[in-house]
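Here come two complexes built around chain A, the first alongside chain B, the second alongside chain C.
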Partner chain A sequence: MKKKSKLKFQIISIISLIAFFAIWQLLTDVYRVIPSTMLPSPVKVLQTIGMKWSVKKPDGSTLPQHILASLQVSGLGFCLGAVIGVPLGVIMAWWEKADLSLKPVFDFVRTIPPIAWIPIMIVLLGIGVVAKASIVFLSAFIPCVINSYTGIKATKTVHIWVAQTFGGSKTRTLFKVAIPTALPYIFTGLKVSLNSSWGALVAAEMLGSASGLGYMIQMGRLLSRADLIVVGMIVIGIIGTILSAFLDSLEKIVVKGEVR
Partner chain B sequence: MRHNYGKIRVVLYGAGTFLVLLSLWQIAAMTSNSEIGFPTPVAVIGRFFHMLSNKVGSYTIWGHTLWSLSRVVIGYLLACVLGVVLGLTMGWFPYVKALFKPVFDLLRPIAPLAWIPLAILWFGIGEKYKYFLIFIAAFVPFTLNSYAGAVRVDRQLIGAARMLGASHSQVFFRIVVPSAVPSIFSGAQVALSNAWMTMLAAEMVRSSEGIGWLIIAGQGINDMTQMIAGMLAIGIVGFLLANGMRLLERRCLVWNNQGK
Partner chain C sequence: MNKKVKVQVTDLTKRFGDLLVLDKVSFEVYEGEFLCIVGPTGCGKTTFLNSLTHLYEPTSGKILFNGEEVNLEKHNIAYIFQEYSAMEWLTVRQNVRFGLEIKKDYKNIDRKVDEALELVGLTKFAGYYPKQLSASMLQRVVIARAFATHPELLLMDEPYGQLDINLRFKLEDEVVRLCKQTNTTVIFITHNIEEAVYLGDRILVLTNKPTSIKEIIMDELPHPRDIAAPEFVEMRNRITDLIKWW
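Right after this comes the complex of A and B.
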């Protein structure tokens, strides 16, 4: 009985998805309710994906080149953000003096959304890789710090006492007790970071860039090529999903013995 | 007594780092002779207070803030109503879930900022496009968290209500909705900061008033002081919004915080 109803809902889901694409196709290519300059049909989107794979027109680079440019920038910014952000959060949570002196400044800086830094970075660093990577860095850095801070603070006092009773030094307790406790939090932070940095990258590329997926969809708007925009959006969505799936599987390998 | 001493120490450390950083900035800005003309913190704060009473563009900083806030509020409330309704019904009624969840999951990975070009093509560069973007940015966390809240309802409560003769929709309104409220509130917090950031990006791409405009206009005339003063305004309002939300949450969820 239960299996049967599950099957029923799966069929409804599939029909709903098919209907979504069918209505989209009907509205655009078949009945032309929506002009193709506003929304391309799904078929047209697929054609454009195939075409952009090797053709540089009309925005200067092929799709793989745009993807590579975006990945390069976000990879650089994200890794820097994680490498600096996670240890900073740990240090702030573990040593009281660091907490007292750095937390207020950090709390102040984090109220400013990374997007707000874009114009300043463009003025200071131009529209190259460095400016975009700094925006990605900022948006990855903040969640990394917050989550590793919370993670370390979540360590049970009893566990710390036990470590101290057995003669663990402050640093040893940090590495043997606090950091393992904080790992799930740190991974949550990394995931949030990845999402927000991927989004910020798109904005950075739209506001000042000459390559990348954000640039491609911005050019699509200027040239009134809606198909280019939709292709860009789809690729952005797919890559974002792949990246978070990658982090998910990494988390499963690294984080052990999660207490529930 | 000890408690008091601790508080004083917190303030001293915080103020100390701020002073050190600000004076480093002041010295660096005063001694640098780059062509960009990086402003000193004193100049930025002076400009900020100047803008409180003098117009930049067609409004004072108050006017710009009100414009930005009005956009955020409209998109946010729309997203709140639709997102909560969709999320809760998806979490409780299997038919609704089977119908909408696949399409929602299909569109969800696309970063809100990636919608900007398409939104401009659809709605023009007026207000509607900004409402739409802010709506998208806030809609996803609202839906996801209401859904999670409705799914994670305590099964025992449902069983008890069923046994006492409650109908399916009675269980929904009396048990599922109230117990999802804490989860919805944490979604509301995420949605608010998303909406605030997306508003900024939308205004930077295209607008003639608002705080985002203030920053991007500063870039246009190469006025770093105006850009940083605008960022200051963004930070202050964002901080007030987040804390206002937290306060509201504490007020509304008194029952949930007991024992914490």
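Right after this comes the complex of A and C.
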């Protein structure tokens, strides 16, 4: 019964997707309600993807080169954000002294939007990978800290007590009780970070860059090539979906039972 | 008979701000003894156990275990809490292993876990997660977790409150048998006077807040106890009257 209903929803999803592209095609290429200079048809977008796969014109790089450049920057920034942000959130939530000393600084930094850092990063680090990765890092780091902090704080007192009465030290209780409790929150933080890091990446590439999907979108705007803009948007959407699906699968493997 | 003192509590006092909850409580628990603590609802029974284990830091007083200050990392103590405390991310088997793993007691760990699961009748459910279990099964998981560690001192805070009557009687008998067999010392909190008379070697009756000891009653009725026996009913009524006074 459940399988049947799942199949039904999958069919409905495919139909709605086809309908979306069909309406788009009708509005652009068939009835020309929207001019192609404003919104290219799906067919034109597919043609541009095919062309850009191997041609560097008009923006100086092929689509795979743009994708690789963006992935390199976002991967570096996101991984650093996660590797530093998650443990920092855990430490702040678990050890009161760390919380008291680090939280005021963190609360100050987190109120500054990552995009506001772009000018100073360009001045300090130029428009290379490091500058853009730093912007991505800031946008990924903050949700990682907040969510892991919240997750550790969500640990039930009775679970901590159970570990304590069995003689568990504070560190052992952290690893055996608090971190497993926090895992779903940590994964939520990683997913939010992933989204915000792509947003920051595109913004950083638009303002100062020589390659990347954000740069390609910006060039499309300057050259009045709406097809390049839409291609950039679609590729960002696809990469984002794949990375989110990867995190979802990883969460299913790592998070057992039902913590929340 | 010379009885060895396992737990010695002297002038245990606990305040939460201006509220005095425990007022200079003093008593001893002997090795292998099953001590039941009864008192009116909200009198501070749980605070009492939590202070005993330093989960709540006592305001003043002394708690000795085997003649030393209570040290949870050193002493083999298990505590079965009133609320559900099974870890949701662990299977039943992993939950029962939890205490042993925390204690880093890996010797014969699988055998100990199997025995504990057998004791509470959850062998068939070893691979299940807590969300798949009923309320009574969840409570059996935490009982098994405590017993798997073979504690010297077992603290139980109304552990059978969520169980149906048949299962409660079965587990009560089983726990008494096991504690006697392993010479485990038990401090058992309940608001059910019948349960206290059924299980205890001694019954400690608490007053209302600020909590102190009203009376300590010897319960020397022979095991297995008959809840309909005149001596049983007499003792139950005597304790009920004591609590009625407040």
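Everything below uses one rule, namely that the second predicted complex is superposed on the first by the 230 of 260 C-alpha atoms of A that agree within 3 Å, B and C clash if a C-alpha of one lies under 4 Å from a C-alpha of the other, contacts with A are read in each partner's own complex, and residues count from 1 in each chain.
Going forward, a residue touches a chain if its C-beta (ideal position, glycine included) is under 8 Å from a C-beta of that chain, and two chains touch if they have at least 3 such contacts.
All of these numbers come straight from a predicted model, not from anything done at the bench.
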{"item": "Most chain A residues touched (candidates chain B, chain C)", "value": "B"}
{"item": "Partner chain in contact with A:164 - chain B first, chain C second, else both or neither", "value": "second"}
{"item": "Partner chain in contact with A:32 - chain B first, chain C second, else both or neither", "value": "neither"}
{"item": "Partner chain in contact with A:56 - chain B first, chain C second, else both or neither", "value": "neither"}
{"item": "Which superposed partner A:255 touches (first chain B, second chain C, both, neither)", "value": "second"}
{"item": "Touching partner for A:180 - first (chain B), second (chain C), both, neither", "value": "second"}
{"item": "A:172 touches, of chain B and chain C: first, second, both or neither?", "value": "second"}
{"item": "Touched partner set for A:203, first chain B, second chain C, both or neither", "value": "first"}
{"item": "Common ground on chain A, meaning residues reached by chain C in one complex and by chain B in the other", "value": "none"}
{"item": "Residues of chain A that touch chain B when the two form their complex", "value": "5, 9-10, 12-14, 16-17, 20, 37-39, 97, 100-105, 108, 111-120, 122-124, 195, 198-200, 202-203, 206-207, 214, 217-218, 220-221, 224, 226, 229-230, 232-234, 236-238, 240-241"}
{"item": "Footprint of chain C on chain A - complex, ascending", "value": "156, 158-159, 161-169, 172, 176-177, 180-181, 183, 255-259"}
{"item": "Residues of chain B that touch chain A when the two form their complex", "value": "9-10, 13-14, 16-18, 21, 36, 38, 94-95, 97-103, 106, 109-118, 120-122, 193, 196-197, 200-201, 204-205, 215-216, 218-219, 222, 224, 227-228, 230-231, 234-236, 238-239, 242"}
{"item": "List of chain C residues in touch with chain A within their complex", "value": "50, 53, 55, 72-75, 77-79, 81, 83-85, 87-91, 98-99, 101-103, 129-131, 142, 145, 149, 155"}
